[in-house]
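My questions will all concern the structure given below.
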Amino acid sequence: MDYQTIIEKIYRDIQPFLSQGSVADYIPALDRVPLQKFGMAVQELDHRLLSVGDAEEYFSIQSISKAFTLILALQLIGERNLLKRVGLEPSGNPFNSLVQLEHDNGIPSNPFVNAGALVLADILLSHSTDAYGLILDFVRKISGNDQIRSDPAVSVSERETGFRNAALANFLKSCANLDNEVDAVLDLYVFQCALSMRCVDVCQSFLTLANHGQSSVSGRQILSLSQAKRINALMLTCGTYDGVGDFAYRVGLPGKSGVGGGIAAFIPGRLSVTVWSPGLNKNGNSLAGTQALEWFTTQTGMSIF
Amino acid sequence: MDYQTIIEKIYRDIQPFLSQGSVADYIPALDRVPLQKFGMAVQELDHRLLSVGDAEEYFSIQSISKAFTLILALQLIGERNLLKRVGLEPSGNPFNSLVQLEHDNGIPSNPFVNAGALVLADILLSHSTDAYGLILDFVRKISGNDQIRSDPAVSVSERETGFRNAALANFLKSCANLDNEVDAVLDLYVFQCALSMRCVDVCQSFLTLANHGQSSVSGRQILSLSQAKRINALMLTCGTYDGVGDFAYRVGLPGKSGVGGGIAAFIPGRLSVTVWSPGLNKNGNSLAGTQALEWFTTQTGMSIF
Amino acid sequence: MDYQTIIEKIYRDIQPFLSQGSVADYIPALDRVPLQKFGMAVQELDHRLLSVGDAEEYFSIQSISKAFTLILALQLIGERNLLKRVGLEPSGNPFNSLVQLEHDNGIPSNPFVNAGALVLADILLSHSTDAYGLILDFVRKISGNDQIRSDPAVSVSERETGFRNAALANFLKSCANLDNEVDAVLDLYVFQCALSMRCVDVCQSFLTLANHGQSSVSGRQILSLSQAKRINALMLTCGTYDGVGDFAYRVGLPGKSGVGGGIAAFIPGRLSVTVWSPGLNKNGNSLAGTQALEWFTTQTGMSIF
Amino acid sequence: MDYQTIIEKIYRDIQPFLSQGSVADYIPALDRVPLQKFGMAVQELDHRLLSVGDAEEYFSIQSISKAFTLILALQLIGERNLLKRVGLEPSGNPFNSLVQLEHDNGIPSNPFVNAGALVLADILLSHSTDAYGLILDFVRKISGNDQIRSDPAVSVSERETGFRNAALANFLKSCANLDNEVDAVLDLYVFQCALSMRCVDVCQSFLTLANHGQSSVSGRQILSLSQAKRINALMLTCGTYDGVGDFAYRVGLPGKSGVGGGIAAFIPGRLSVTVWSPGLNKNGNSLAGTQALEWFTTQTGMSIF
């Protein structure tokens, strides 16, 4: 069976699952997205992109953006310097927990918990003259879509209600693990989370990671082999919130999820696959999206396990 | 020996201890107070106030203010309502810890840890038209000193560097345990901490608690007997940061300390005694002040134990 | 009103409260004690003992025994050495929690949490040839009752089901904070907890603490003034499990409770008062006992607050 | 380059690394193994086993045994029942931490932390008439080596000094998550940890997992495809103690390490590779072993990332 046939079958079979998840209600602006949405895009290296359903509809990428800012931070200061400010191990605690942070004196366990991503945002602010432009430019280039923008309705909404993130940022600042103003870091963080992308854009972007750091759009090596490997390992061990073990078992691919319902996954050396469906499971990952990826790796025999 | 003779002897004996403490360096504005300062004031019920040393010099009362806002909060909403938002038990954690708060879903263990005091500030903002005026008016009346004010240099300094408190306030807000804006709560909190009072003022104020809630200035019953007892019990079990056990043993009196170096203590039904010396011990309490109180209770035989 | 009249009135008024508590069900042997039991004994310094109800019935003293082993440990090795192995501050965690212990590398926060009492038992085993005889001899002498013994049915029952205590002891051992075999420490610990005493015995024993360390039976100074003060401060800040703040407010006396339903309290320099009633409140303290003590201090005006 | 050439080169290059690790000193019997030992074995599906160095020397497999008992527990009660007693997510805490266990009321985060493995041992005791025979028989069959036995010198040594494990077992028992006697569970646990195997044996055994659950010795399907996938995912996300993220990055293979210095890794569908060298890095994994595996996956291009 070819990939197009597989994802079309998945699209039909997934329909009953769409109503089972629940939308992230702590971000008011996300609350209005219809549960029935489902999109999926697949692209093999050196092949054209395939898609199904709402794959060309824009959604809020939320934490998927952490993968992009991690790439940028690695480009700017390198892994050795990054490691002084954030760990690279699974946390075992919820993504927004302060307990680990207090225990470890303000060093987040990894860049994909919120505290870690706030440190990444701080690094971008310190090492570029225009961190907003840097991020926007990067996601437009890596996805090949010049229309990508950050949705101010979402970022304003997250900024106004994101008290837990403000608590994390202030705590980091009290531990001297933020160089910039707390408000500046939070502003950049919600800007990146509020990026609106389509399945096809995200899929195209993560093909670079599948391609060991070489952009499939520009052909440029945007990450060293070693950096690509590091990010891939992080995604498998820390990319899907509290559900890392469950996701590794069911899907068996490195991936990064967001509470907007998107999940970017890929098979190193082979392909990139992105799903989007706004209903979430109890781990905060797209319920239908996880199911779709499980079917995809089972039917293609492509789980890494 | 009469009290005046006792405190004069203490004043002589304490001199070598003054250089041993260290000033709280995390609040820049407090950093400049000379370590050699030492004041002490004692007042028995129905007697005139006695004092020694720098007892008429103004200092930053800091956490001593939590006793005042606790009285005000109890007056405004009563104990039953207060208990829905803050506990009344020792915390066993540092005064600015987030761990307990996360574990208990945003309910601080008691009103004297910073998170608890932030909740008190929120209550004052919600239940009075002018919380700033309410606090200022209250401390002026209970101390009988109309000149008391809050030092803007101190509050601005604390506001600019108080990231840990901002983390606590945002966390409380994320748990829906603050009704007002985070910034408004923090502003009021640093205002109360920055109140400048003299040993003689604080001593006079706490005489009301020693007097079971009846003001020795106005004769008014500002707290019920039961409320006074509650506050007294809280001071003994939670009033002196991590050093509650040590303070109870050495001094044996209920009391409330502040990182400005002040300690207000009292003997229910008998007297109020306040010391001030800016050098702190490892528990964050005035080093010389604790020693002076230990001598005072030993020499007068007045420890409750 | 004289004390006898007061405690007789308390005995009448307390009846409706007796059925409200619940017996500690995790120690099977304690499960059979009738909820209706209530005894109370009061003794002023230099006066004869007064009592009411079941004050001459034997009950399992459980954690009240920690006060006795603390006195013995202080006599054997002194406070300086004791402090190397156990803290003297409230814990803010349940009495059998492992979290604090792991955080502090095996140093219990105080001698009245179970881990702390296990360290005391270890000290007694190391510094006496017959720790069992030492404890038994001590409680017989301090109470003046030669008939006191430990109930093997209770100690065997606690030993067989005390997995949490075994976890604590093994953890202490792994941190090198036990010198003796884990089993030997646990055996001694359940032996002391299973001591059967009467209200009149416990009341007589704690009169020594009220008497600043001088035994009212033998006239001997069994603790230094300083040690007595230390123990008294500990009882007020750590003596009644998670309910320290509540107990301090309601009763306002230093005291030590046990899950057998006994509470020993006293007023330094004045009197000792013991209650027993097996039904417990949510903090693990005798429900009727706490109420009776609250009435007693209110009616006699004897709260320290 | 063929695999034999690659591992021979690794064997030469690894020599300077052998002296850099440190032997696990908390298990006295392991303390005597010479640091210079190094063995490595590789086997592709449907190929013969290749080896180098001390690959035929017996070593203590320690935590590698947890993979075997996990297979047995899955066979005995199935995943659904297993999940009631142990989680399947990374813990973020040290392998012997009690904090997570207390927070989650006695449910270990995964079967590879010590508490989780104790639950597995309990399951084996409950669901077989001879758990010792069951384990021994299983490892002999899956490895094809009838000579494998458990070293009593090691198990006795671990039993006598394993206070942390005894703390964990007692805690589990106090939470009703052990059905058998604490001592019986600990006895079986140290028996399995003390199994002595050679690199060639371990390599052969894990080929079954690489082979999606079908034994390469007997041809029998000893695990369902789904169970094999589950175990593989667990090894990648939880198999190497606190160093999961680091190991995933450097080696990029699912694997299980032991403090005896062994590491079993494999590439699903392709091959099994085992190394042994007793010197450990700070994460408790073989220092030279991790380096050898990193070289192996880099030189063969076989990292899953």
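Think of it as A, B, C and D in the order they're written, each chain with its own count starting at 1.
Here is the rule we go by: contacts are C-beta pairs under 8 Å (C-beta built on N, C-alpha and C of every residue); 3 or more make two chains touch, one makes a residue touch a chain.
The shown structure was predicted, so the numbers you read here are calculated from the model rather than taken from an experiment.
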item	value
Shortest path length from chain B to chain D (each step joins two touching chains)	2
Same or different residue numbers at the chain A/chain B copy interface, by half rule	same
Pair sharing more residue contacts (C-beta pairs) when C-D is set against B-C	B-C
Centre-to-centre distance between chain C and chain B (centres being mean Cα positions), rounded to whole Å	32
Chain centre separation in whole Å, for chain D relative to chain C (CA means)	47
Per-residue overlap in chain D, given as positions that touch at least 2 other chains	none
Complex interface listing, chain A residues touching chain D	87-93, 100, 109-110, 228-230, 232-234, 236-238, 242-246, 248-249, 252, 254, 268, 303-305
Complex interface listing, chain A residues touching chain B	97-99, 101-103, 163-164, 166-171, 173-174, 182
